[in-house]
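Both complexes below contain chain A, partnered by chain B and then by chain C.
And then the complex of A and B:
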């Protein structure tokens, strides 16, 4: 049963991708129906997989030799993320019906989105490191193709290629790690690695652990690889919601959570994970504060929230990180889709030109505010519970300095969230933009996410049991919902964090009086807008590579004499090497 | 049954002159026609029929292992390695032949093209089963001579003639070095048979070391090892697109197989051959990618990317030779096959675009990246095929190129040698670098706004698209299930390892 459901979850979107492509762009209605049908069916298959959760291998295909066995395991972590990928995926597809109406090359769009959904489900459900890497790369490929979906826009093309190259660069860490596992254990099975990690020499294990960390940081846009995500915002907004907020960027967090039992003993690894998470969370929050592009604010906020999850894993809170991942996927998808409705209506992403949009789009305003409150960590929305759990784990198991950083981050989160909501929906209109409220398909996608944001925290108990029951190597305890809630409510850390959030809110309310402080920090703002210098590092690397390539072109002289001289020089060098070396 | 192998070589070679005769007679009677020369049907038929002896050879290899067929004083030996090369030559040859029909219809000298191409395929299959240095050299020259004329096919075009001439001079320089090496081996061991040389070449000998160096550089010109590669970008970009596919997809690889065959009997002289290949691997990958990065001509870019792919194969072969690693040899052969399919696909797809945008309309402009803009609407199959090819070359799953690279990389890690692991990581970095020029090609194809060339382009004939569809499906199928080809790469790898036993 589980085997069939896994095959459906991964296979249906891929089949749908082929069919949508075959349906051709002259029949957009058929394409809409196919895309929605197959993505919703995949979502249902993933939901149906929840009762069959287990740690056993459900599918086992021997590919043989150096490719290992192709296995799929429906354990709690995998099923949970597959559900997130397919359910939010199908909502994003439904949203696209209105958002992408009238766009050319709709077939390519849907085919790539569906291919992505299938690959993401595969990534989390497979039990083989080799397949993890394959799916990892396929998601990167789809992400690249969708970011640069509007190929005529040079910014979109540049953003797509940047995302591809940076995530691939980090991906080498995963590649090397997976190959080291194979070289030492003779298998790619994740369960074998988790069980026998201690058999691998400590030095090698450290290489693997840090390789995986690099891959995860690149995929989840963490320090120092964070620069690709803001540029990825050139993608159509439903894609940003799906790939760059709710699913693919979580793959890095997934990777760390999945392999935590193998690497927790590696000296310095947990500290490094905490540092990556904390630095990212703070940096991205500052960047969100100074950005004026609605989607970029949400992108930075995604990076920052992913930092919270990474931080939680470093502090040993696998459950806390995954719980925050659940909340974040829901409310961030809601925020992105809400932002998409606004952008679709007013035709710009620049928040400076918005203002007062809420009057024209009351429904969108309502759901966006729900999402924003969750992001800011206001009780009793899902973001509040999970963020508090993360912070509490950090306080009890992590260094206090990192905790302090995260606390400041929480305050900044509240500040930039209120700023964003205010600039878009409230105040006086700053230009003559005319909005219309969300259309039917958009509402169908937004309402479930808003409801999820309101109530998903009630699932804490079943969620904990789902994870604890099927992850034998993670040593998780199954708490009930009440226990989790009680833990949050009774912890003094919660009230400290709430006070900081209130401070953030207050800072926004009294922003006029703080204007002196704001202007004093302008230099910091400029620096933050350039991603704290990382953008210029990127640019330097790219331009020096291109200069080197340009310079090398001089070696192709076109003179036959030089060409033959090259051959003879090669001969002399080889003779010399053989004479001295052998 | 044993003379099946004879047909495998003889059929293309025997049909070649016949082919020319048919084409010439038709030319004398009817002149150049838009419908194309009847010679091409004969050529396609001949190559299709050649699959029968190939199948028999595979059967024989699987039942009774490598076998030798003596033809007078000449021995032809068929092992896994020769079947790999024969398969790639035959597969690409057949598809290119189908492709060339509409591409060349009405060109001057069309009838010579088919005769030369069949001869080239026959020569490559012959080289694959050569069992002594002399035959190896003769087959190698046969292949080279037929390819010179094919590169300079557009003899009215100065750039095409220039490319052909450069190729001729540099390749001949390489051949001279090979011949010198051959002479040294003969002087030292008194024989040219592989088995006899191996028996005589045990232990260090300066003369044989020099011979090996001469082989490495001589064949290295054809393989396009950096810095012996300077003929390649011109030749590969100026040749008719079908020939570009052959040159890049199988001719340079044939050079590689020839080098392995020639070096193998000298394995006992020094353990350095493997490390030398690894050194060239690193240089080829880096220089090939950097040279491709700033190219604006599509076919030149693809030509440079062949340098880097030769580098990946050399990683595999180098590791196999140095560490006696069967997985590495298998990966390298797998990559050789995949590169043939992917680069063949890339050049043929570029050929469709070149034909519809420029050549078919009577002018010989190079195909530039900006010409590609928006081609996907008008030429969906060519655009998709081209995208699959370049993304596969860039090593993205689920495409074939990823699987073979993985096999090579995994084999490298299994050696546990820090230098080799470093080289593999370097190779992976190079794959990322290569996306820097592959990805923009895909973006250009799927632009909304078509370039001027695309707006005015001809419709693509179905016979041009057919090979693209077949190759695309093959690249995807091998990407999903790499085991599909292990019947070919497995025996190939064991053949290489047994050749190099010291």
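And then the complex of A and C:
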């Protein structure tokens, strides 16, 4: 049963991708129906998979040789993320009906989105490190193609190329780690690695641990790779909500959580993870504070919240990080889709031109404010519980300096969230923009997410049991919802964090009186708007990769003789290596 | 000095390989390229059969060789058919003039 459901969860979106493409762009109605039908069906299949959660292998396909065995394991972590990917994926597809109405090449759009959903489900459900790498790369390719969807816009193309190159750097780390596992254990099975990690020499294990950390940082836009995500905002907004907020960027966090038992003993690894998370969370929060582009603010806040999850894993809180991932996926998808409705209505992303939009779009304002309150960590929304759990884990198991940084980050989060909501929805209109409230399909997508933001924290107990029951190597405890909530409420860290959040809120309310402070920090703001200089580093990496590619292209002459010579040279090199090894 | 039959065959294989690769590298005529490819495949065939003999798995190597012969014939037929069409529509068999890549 589990095997069939796994195949459906991964296969239905891929089948839908092919059918949407075959339906041709001249029949957009049929394309809408196909895309929604297949993505919703995949979401239902993933939800049906929840009861069959287990740590056992459900599908075992012996590929043999260097490829190892292809296995799929429906354990708690995988099923949970597959549900997130397919359910939020189907909501994003429904939202797209209105958002992408009248766009040319709708087939390409839907096909790529559906292919992404299938690949993301495969990435989290597979038990083979080799397949993790394959699915990882498919999601990166879909992300690249969707960022550059408007391929006549040079900014969109540049953003896509940048995202592809930076995430590929991480992909190399993942591939190297997978090959090292195969070299030492003779298998790609993740469960074998978690069980026998101590058999690998310490030095090798350290290389793998830091290789995986680099892979995760690149995929989840963590320090020092954080600058690709804001540029990825050139993508259509449903894509930003799905790929660059709710699913693909979580793949890095997933990777760290998945391999935490194998690497927690590596000296310095946990400290490095905490450092990456804390630096990213603070840096991105400051950048969100000075940005004026609505989608970029949300992108920076995504980077910042991902920093919280990474930090939680470094402090040993795998459950806290995954719980925050759940909350974040829901409220950030809500925020992005709400922002999409606003952008669709007013025709600009510049918050300085908005203001007072709330009067024209009361429904969108309501759901956006719900999402914003969750992001800021206001009780009793889901973001509050999970963020407090992360902070509490950090206080008890992590260094106090990192905790302090995260606390400041929480205050800044509240500040930039209220700034964003105010600039968009309240105050006087700053230009003559004519908005209209969200259309039917948009509302159908927004309402479940808003409800989820309000109540998903009630699932803490079942979620903890789901993870604890099927992850034998993670040493998780199955708490009930009440226990988790009581743990948050009774912890002193919670009230400290709430005070800081209130401080952030107060800073926004009394912003006029604090204008002296603001002008004193203007230098910092300028520096932050410039991405603290990391933008230029990332840009150098991208441009040098492109130059190298242009140079290597010279070897592609199309002459038969050249190609044959290349094959001969390769053969001789391989023979030489074999002779040298023997 | 005793020369075993397998080393004679090995020398033959290397000779055929050399001729085949030289042909691929040096000729520009598409027909000659296909001929060179055929010679190369014959060397591979010989190598398969020799390996089967040495390892005592004659049946396996012979069935593999038969498969290669079938595949190889198809390659030759399609290659020659393409050559005829190229000669007809482009007017030349020079492989260098077939490339449309920007250099």
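The criterion applied here is as follows: the second predicted complex is superposed on the first by the 539 of 582 C-alpha atoms of A that agree within 3 Å, B and C clash if a C-alpha of one lies under 4 Å from a C-alpha of the other, contacts with A are read in each partner's own complex, and residues count from 1 in each chain.
In this text, a contact is a pair of C-beta atoms (placed from the backbone, for glycine too) under 8 Å apart; a residue touches a chain by one contact, two chains touch by 3 or more.
Remember, it's a predicted structure, so these values are computed and weren't measured experimentally.
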Touching partner for A:560 - first (chain B), second (chain C), both, neither: both
Partner touching more residues of chain A, whether chain B or chain C: B
A:182 touches, of chain B and chain C: first, second, both or neither? first
Touching partner for A:522 - first (chain B), second (chain C), both, neither: neither
A:271 touches, of chain B and chain C: first, second, both or neither? neither
First, second, both or neither for A:65, with chain B first and chain C second: first
Touching partner for A:569 - first (chain B), second (chain C), both, neither: first
Overlap of the chain B and chain C footprints on chain A, listed as residue numbers: 556-557, 560, 564
Partner chain A, residues of chain B touching it in the complex: 165-166, 169-170, 173-174, 177, 204, 209-210, 212-214, 216-217, 220-221, 225, 227-228, 230-231, 233, 270-272, 276, 287, 290-291, 293-294, 327, 330-331, 391, 396-398, 402-403, 406-407, 409-414, 416, 421, 424-425, 428-429, 431-433, 435-436, 439-440, 442-444, 446-449, 481-483, 486
Residue numbers on chain C that touch chain A, as the complex places them: 21, 24-26, 33, 95-96, 98-101, 103
Interface residues, chain A side, partner chain C - complex: 556-561, 564-565, 568
Of chain A, residues touching chain B in the complex: 63-67, 104-105, 108, 130, 133-134, 137-138, 140-141, 144-145, 148, 150-152, 157, 160-161, 164-165, 168-169, 172, 175-176, 179-180, 182-183, 545-546, 548-550, 552-553, 555-557, 560, 562-564, 566-567, 569-571, 574-575, 577-579, 581-582
